[in-house]
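Next come two complexes, and both contain subunit A; in the first it sits with subunit B, in the second with subunit C.
Take a look at the complex of A and B:
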C-alpha cells in the first residue's frame, strides 16, 4: 500500500480525522514541502520568499493570510478591472490581462477560484463572441468567487454572457430555453442522473421572459410563462431566481460542488466516497459558503496527507503562471495567452460546456512536448526573449554562481527536493538546468 | 570607477557610433586597402565634419539628453559615473571630449563584416599621439581595475611581423599603426590585416561590389554602406523575408522593390548630412524583367502626384499604378492565390452589381492613387473616444466621373448597409446615412448616433469613424471621417484649379510628419503603455519609459520623406529626414 492510498483509506474510515485541523507533528512535520504544497493549491505556485515565510509562519497563520491577504487588495483589483475594461474590445487582450493578474495578484486564492468557476460555468468566446460581455462575466465570477454559491449561481445564470452562451438570448414562452436548463442541471448543479426530463422542461419555463438586447439583460413579462411549475417535486409559479433556489437546495447540488472542490484542492487520483465528503456537503448545503468550505479543506489533515500531496496535474495555466511566479519574472502575457491556448487552455474559451478537462487529460504526447517547448521558451536567454525569465540572473541573485549550486537552487525552488536524484538535470549548465527541472515529470503535478 | 568592459565599450563606442571622414592619413593608404576582400557588408564614413557637426551639435546633445531614459538616469544619479569617466578621460588626454572625438575619428571610419562573422574596424585619427595616449590610458585603467579586484589583468600583447597587437580578452584584438587604430573581434583577423599590409593581396578596395557601391554613392556622400546581396541572400531568413513580400497588396505597394532585391547582387546606401537634414539614398543593381514583375504597373511617366495637404496632416502616400493592368495580370503574378482573388472579385461583384472588377471598375480610375492620414477633431456632441484613431482616406481620380460616380455611390451605400447588417447581428449600433453639402459639393456620410452625455468623455472607439464618400471635380474621395472628407474636398478643388504635375520618374512617395505623429501617440499614451505592458512584459514604469521615449524620438523626426523611382529596370529609393532637434 502506498502512503497515498494508506492515507486515503484512513480518511475514508475516519472522516472526522480527515477534516480535523492539521497540527504539525513527528508523523507529518511542517516544512518547506508542505508549505509549497499549500501555496500551490491555494494559488498558482510560490516563489522562494513565500515558501520561506510560510515555512516559518506555520500552517494556520499561512492559511489565514491566504484566505484574507495582508493589506487591502482592493486597489490592485480596481486597477486591473480598469485595465480589463479598457481592453474589452479584444478577447486576446483580456486574456493577457488576466494572466498578468494571476502573476501579480496579492490574492492568489481569489484568482484560482475565479478560474475554477470559469471552468465550471464554461462561458466561452466561441459561443458569446463579444469581449465586453465576457469581461463582465469573468469580473462577476471574481466578485462572487469566494462568497455564497446560491448568489453566484443566480448572478451567473442571469448574466447576459451565460444566456447567450447557452442559446437563451431570447427565452420566449413558446420556446423555453431547454438547453440552458439541461446544462444548468447536468453541469452546474445536481449533475447527470439526478434530474428528470420534466425537471428540465419545467426549469426552462421558469427562465422564459429573459432576453439579451444590445448586450444587456431585459425581462419581458409578456414572454414569461407564469403558470405553475413542478421542479424536484416542488410546485409553484417559479421565476428563474426562485427555481434556482429550488435547485440550490438539492443536496445533489452541494455534492457536485463539493466533489469538484475536492478535485481542485485535494486530489484527482482517487474518487472519494460519499461518506468522506458528507461533512463538507452538510456544511455547504447549510451555508453555501465557498470560502468556508475551502478553509476547512486547506486546514485539514487530509489536505496535508500523502493522499493529497502532488495528486493533481497542473493545468497549463497553473504550470506557466507557476513558473513565472517562481522566478519572479514578468512576461509578455499576450504571447503566453496564445501559447496556453495552443496547449488546450485558452482563457475565456473553455472547449465545451463541461469546461476544461483535468487530471491526466492534460498530459498526452503532444501536450507534454508543448509544455517542454513552453518551458524552454519561458526560460530562454534574455535579449530577444519577451518572456524574460532569466534563470542565470536569478541564480546569481540568490548567491549561486556555479551550475551545481544553481541546479540545487532550482530543484529546491520548483520541487522542494522531491526529485533529488534527477539524473536529467545533473549535467546541465545553469540555463538548461532551470528548463530541465521544469520539464521533469515530478514538476507536472501540483 | 569604470570597469574594464566599460572602458573598452567607451573606446569602441566612440569609434563605431560617432563617425568621421577624411581621406586616410597622408602616409597610409586608404583603410579599404588594408581590409581583406570578400566582405558581406562594408561601411565607409567619408564625409567627416558634417556627420560630427550633427552628432556633436548642441541641439543633438540637448535632444538626446532630454530623452526619458537619460532624464531618469540623471534623476537616479546614474549619469554620475558616466560623467566621472568622461572627466577622467578628458583630464588624462588633456582635451575636452568633443575635441577628442573630432580628432580621434576625424580621419575616417571603415568597417567590414565577413561571412565567417569576422568584424574588422579601422579608425583613422588626425593625431597619432592622441591615439596612442588613448590606447595607453585604456590599458592602464583596465590593469588598475583588474588589480583592484585582485585579478590578474587579461591584457596581452604580442608582435606579429613588426606590428604590436593588444587584446583585452578572447573577443577583441587591436593594433595601432601610426594614426590608425585597427580593431578585430578575432586575433586571427588582425593578423590577416597585417599580412595584407605586408604581402599585398585582394583587398576590400579591389572587391567589385565595393567599387560599384563607392561609385553609386558618389563623391559627395558622407558615408556609404555596401551590402553584398549575392552573399546575403544565401542566409535563409533573408531569402525567406524577400519571398514573403510576394502577396498582391505588398507587390502592388512595393512595386518591384522585392523583385529588384531578389535580383540584386549589390545594394548601396549612401548617407548625406546637411545641417539637421539626413538623406539616405538606396540603389539596387537588381534589374527586373518588367513583363514578369509588378513593377510593370508602377507608372513613372507622369509620376506620382505630390501628397495633398490637409490640416493635421500625419502621413501621406502617393502612388502611380495602373490598377487595371495589375489586376488583369493577377493570374500570372500570383498563380497560387487565384482562389482567394476569385473570392475577393466575387465579393466586389456584389458591391458593384455584377460589374467586372478589372474592366468595369478599376479601368475607370486614373493611375494616381493617394492615401493619407490626419489628426481628428472630435465633435463636442460626440466626445473624445478613449482610443483616438487618426482619420484616413484614399483619393483617386476617375476617368469618366459622370458615369462612374453613380456606380461608386451605389457600391459605397451597399458597403455601409453590409456594415450595419453585420453590426446588427452583434447587437451593435449602426450607421445613419446623410447627404450634407460642403461648398458646392454634395457628398455622402454615415454617422453613428451621438452617445449619451455621460459617455462623451470616454466615448466608444466607433466614434473615430463616420465614413464619407465625396466625388468633387472628377476626384474620388473615400474617407474614414466626415471632417477629413471636407478638408480633402477643399484640397482637391485647389489642386484641380492648378496644373497637375507628377514627380518625374517617382512611382511611390511617402511623407510622414513626425511632430504630428507624436501628438497622436501622446493622445493614446495610456493605451500604448498598457499594450506595452502585456506585449513586452514590462512593468508600468518600464512601459511608460518605452512609450515616452518613442514619442520623444518621433517628435524629433520632423518631416520624413521616402520615394522610390525606377530607371531602366533598376530601383532607387531616397529617404530624407529633417530632424527637429532641441532649440539651440
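Take a look at the complex of A and C:
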C-alpha cells in the first residue's frame, strides 16, 4: 500500500476523522511543505514570503485569509473587469487578461474556482465565437463562483453564451433544446446513468421560450411550452428556473459537484467511495454553499494527509501561473495564453462540454516537452528580458550569490523539501537550475 | 527478454538512472522505446484540409463533357489545357507533380465524394466533414480526435503515453482533431518537439508515489523522443520542400514520421483555416485556384518524395478533404459557388493508385454541383479499419462499407 492509499483507507474507515479539523501535531506537523500544499490547492501557488507567512501563521489563520482575504478585493476586480471589457473584441486578449488576474489576484481562491466552473460548464470559443459573450460568461462565473450553487446553475443555464454553446439559441415550443437538457443532466448536474430519456425531453420543454438575439437573451411567452412536465418524478408546469430547482434537489447533483470538488482540491489519484463523501454531500445538498464545502475540505485532516499531498497533476495553466507567481515576475501573458492553448488548455476554449481532461492526460511525449520548453521560455529565452522571469536577480535579492546557494533557494521555493538532493540540478548554473527544478518530475504534481 | 514495447518500457523503468533513456542513450535504445513491433502500429494518417470548398471540376477536369463546357465560361479548361489522365479526364495544369505520382502508382483519386442532403454553408458542411457525422451540430469532437482517443485509451492500459495525434500549423486547431479525453497539441514548428535546452536525467526514487513514478517515466520517454526528433532535425535540411505554409507543415510531419515517436494522426489545413478557407473562390477564381493547386501538388509531391527517399512511404497515407465541391456553372464573377461532390486525393506507398469510382454525373446535381455517389464516411471507415487498425464503428458511430482505397 502506498502512503496515499493508506491514508485514504483510514479516511474511508473513519469519515469523521477525515473531515475533522486538522490540528498540527507530531504525526503531521505544520511546516513549509503543508503551507505550500494549501497555497497551491487554494490558489495558483505561493511565493517565498507567502510560504513563510503561512508557515508562521498556522493552518487556521492561513485558511481564514484564503477564504476571505484581508483588504478589499473589489478594487482589483473592478479594475480588471474594466480592462477586460476594453479588450473584449478578441478572445486572445481576454486570455491574456485572465492569466494576469491569476498571477496578480489578491483572492486566488476566487480565480481558482472561476477556472473550476469554466471547466465544469465548459462554454467554448469554438462554439460561441463571440468574445464579449464569453467575457460576460466568465465574469458571471466569477461573481457566483463561491456562492450558492443553485443560483450559479440558474444564472449559467440562462446565460446567452451557454445557450449558444449548447445550440439553444432558438428554443421554440416545437423544437425544445434537447442537446442543452442532455448536457445539463449528463455533465453539469446528476451525471451519466442518473436520468432517463424522458427526463431529457421534459427538461428541454421547460427551457422553451428562451432565445438569444444579438448578444442577449429574450423570453417569448408564446414559444414557452407551459404544459405539465414530469422530471425525476416531480410534476408541474415547470419553467426553466423551476426545473433547475428540481434537478438541483437531486442528491446525484450534489454528488457530482462534491466529487468534482474532491478531484480538484484533494486527489486525482484514488477514487473516493460514496461513504467518505456523504458528509460533504449532505451539507452541500442542504445549503448549496460552495465556499462552505471548500472550507470543510481545506481545514480537514484528509486534505493535509498523504491522500491529498501531491496527488494531482498541475494543469498547464496551474504549472505556468505557479511558476510566474513563485518568481514574482511579469511575463507576456498573450504569448503565454497561446503556449498554454498549444499544450491543450486554451482558456475560454475547453474542448467539449466535459471540460478539460485532467490528471496524467496532461502529460504525453509532446506536452511534457512542451512544458519543459515553456519553462525555458519563461526563465531563459534570450532576447526580450522585460517579460521574462529573472532567476539570477531573484537569487541575488534573496542574498544568494553562488550557484550552490541559488540551487537550494529554487528547490526550496518550488518544491520545499520534496526533492532535497535532486541530482538533476546538482551541477547547474543559476539560470539552468531554475529551469531544471521546474522540469523535475517532482514539480509536476500539485 | 522483453517481447513487446510495453515490456521493454517496464524493463527500462526498472533500470538504474544511469541507464535511463536520457539524451545520451544510444539511438537503438531510443528507437526501441518508440517503435511498437505490432505490424501496422507505426502507420500514419495525414489529413490535409482544403478549407473553403475545392472546385473538384477544375481539379480533376471532365474537359470533354458538354455540361462542363457549356457551364464554364472563363474557367473552362480544354483538352489542351489539362494534363490528361485517361477516361476523358485531366488534372489541372498546375499539378504536374500529381501526374507523376499517379504514374508512379502513389496517388489515388476517389471521385464523386460527398454526403446526403449536403449543407450549402461553410461552417455547417465543414463541421460534417470534421466530425464525420451528419448530426454534426451536436457533436463536439472531430473524427480524428475520437480516433486519437481510441488509440490513447489503449496506450493507457499499456502504461505508455506517446502523443498520438497533432495539428500542425499556426491556426487554431480545427474541430477535426478535437478529442474529449486526450490532449492533442498544436505544432507550429518542429523545434516544439525537441528540448530547447539540455535536459537532466530523470531520477525518481524507487519509493516515490506511483503518480510521481509515472510522471518520471513519461518525462524519460518524452526526453528520449525529443532527442530522436533532434537527431532527425540535425540529419538533414530537407531543402526540397516548396517555400509555402503547406510545404513547411508537411516538412514538419515528415520529420515527425521519420522520428517514429508514436504519432499516428496528423492534420493540417491548406486553405488557411477559419470558417472560410482559401479554396472559397466566388470571384476571380482562376489564378487563386491555380496557385493553391500548385502549392498542393508541389507540397504533396515533396512530402511523398522525401518519405520515399527514406524508405518511409509505406507507413504513410495522406488524404485531402474539403467541405464541398463547387457549382458546375460559373457565376457572373468568374468564380463558382458552393456545390456538392468533389474528388478526394490519396497519396502514399500503399494507396490504391489511379481513379477510384466513376466521375460523378454532370446532369444529376445537388446544390447545383455534381451529385455525390460515394459517402465520405466510407473513405474514413476504410482508413480507420484498414489503415489505422481501429474500429471505425466506434469512431463514426455506425458501420460504413469501406471503399477500397488501399492497395
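By our rule, the second predicted complex is superposed on the first by the 440 of 446 C-alpha atoms of A that agree within 3 Å, B and C clash if a C-alpha of one lies under 4 Å from a C-alpha of the other, contacts with A are read in each partner's own complex, and residues count from 1 in each chain.
Convention: contacts are C-beta pairs under 8 Å (C-beta built on N, C-alpha and C of every residue); 3 or more make two chains touch, one makes a residue touch a chain.
Not measured: the values here are computed from a predicted model.
Superposition model on subunit A: subunit B and subunit C are shown in a clashing arrangement.
After overlaying the two complexes on the shared chain, residue contacts for A:213 are found with subunit B alone; subunit C is out of touch. By the touch criterion stated above, A:344 is placed in contact with subunit C alone, subunit B being left untouched.
Greater residue coverage of subunit A by touch, when subunit B is weighed against subunit C, goes to C.
Of the two partner chains placed by the overlay, neither subunit B nor subunit C lies in contact with A:9. Using the contact criterion defined above for the overlaid structures, shared-chain residue A:87 touches subunit B, although it does not reach subunit C.
Contacts of A:333 after superposition on the shared chain: subunit B is touched, whereas subunit C is not.
Judged by the touch definition given at the top, the superposed model places A:275 against neither subunit B nor subunit C. Of the two partner chains placed by superposition, only subunit C is touched by A:368; subunit B is not. Clashing C-alpha atoms between subunit B and subunit C appear in just one of the listed stretches 19-27, 163-171, 235-243 or 343-351, and that stretch is 343-351.
No residue of subunit A contacts both subunit B in one complex and subunit C in the other.
Every residue of subunit B that touches subunit A in the complex is listed here, in rising order: 386, 426-429, 461, 526-527, 530-531, 533-539. Residues 2-4, 126-127, 167, 179, 269, 310-311, 313, 341-344, 351-354, 357, 360-370, 372-373, 376-377, 380-381, 422-425, 428, 432, 435-436, 439-442, 444-445 of subunit A are the ones touching subunit C in the complex. Within the complex formed with subunit A, the subunit C residues making contact are 17, 137-138, 140-141, 145, 152, 161-164, 166, 172, 175, 178-188, 192-204, 209-212, 214-216, 218-219, 221-223, 225-226, 261-262.
Partner subunit B is touched in their complex by these residues of subunit A: 83, 86-87, 89, 93, 96-97, 100, 129-130, 212-215, 329-335, 386-388.
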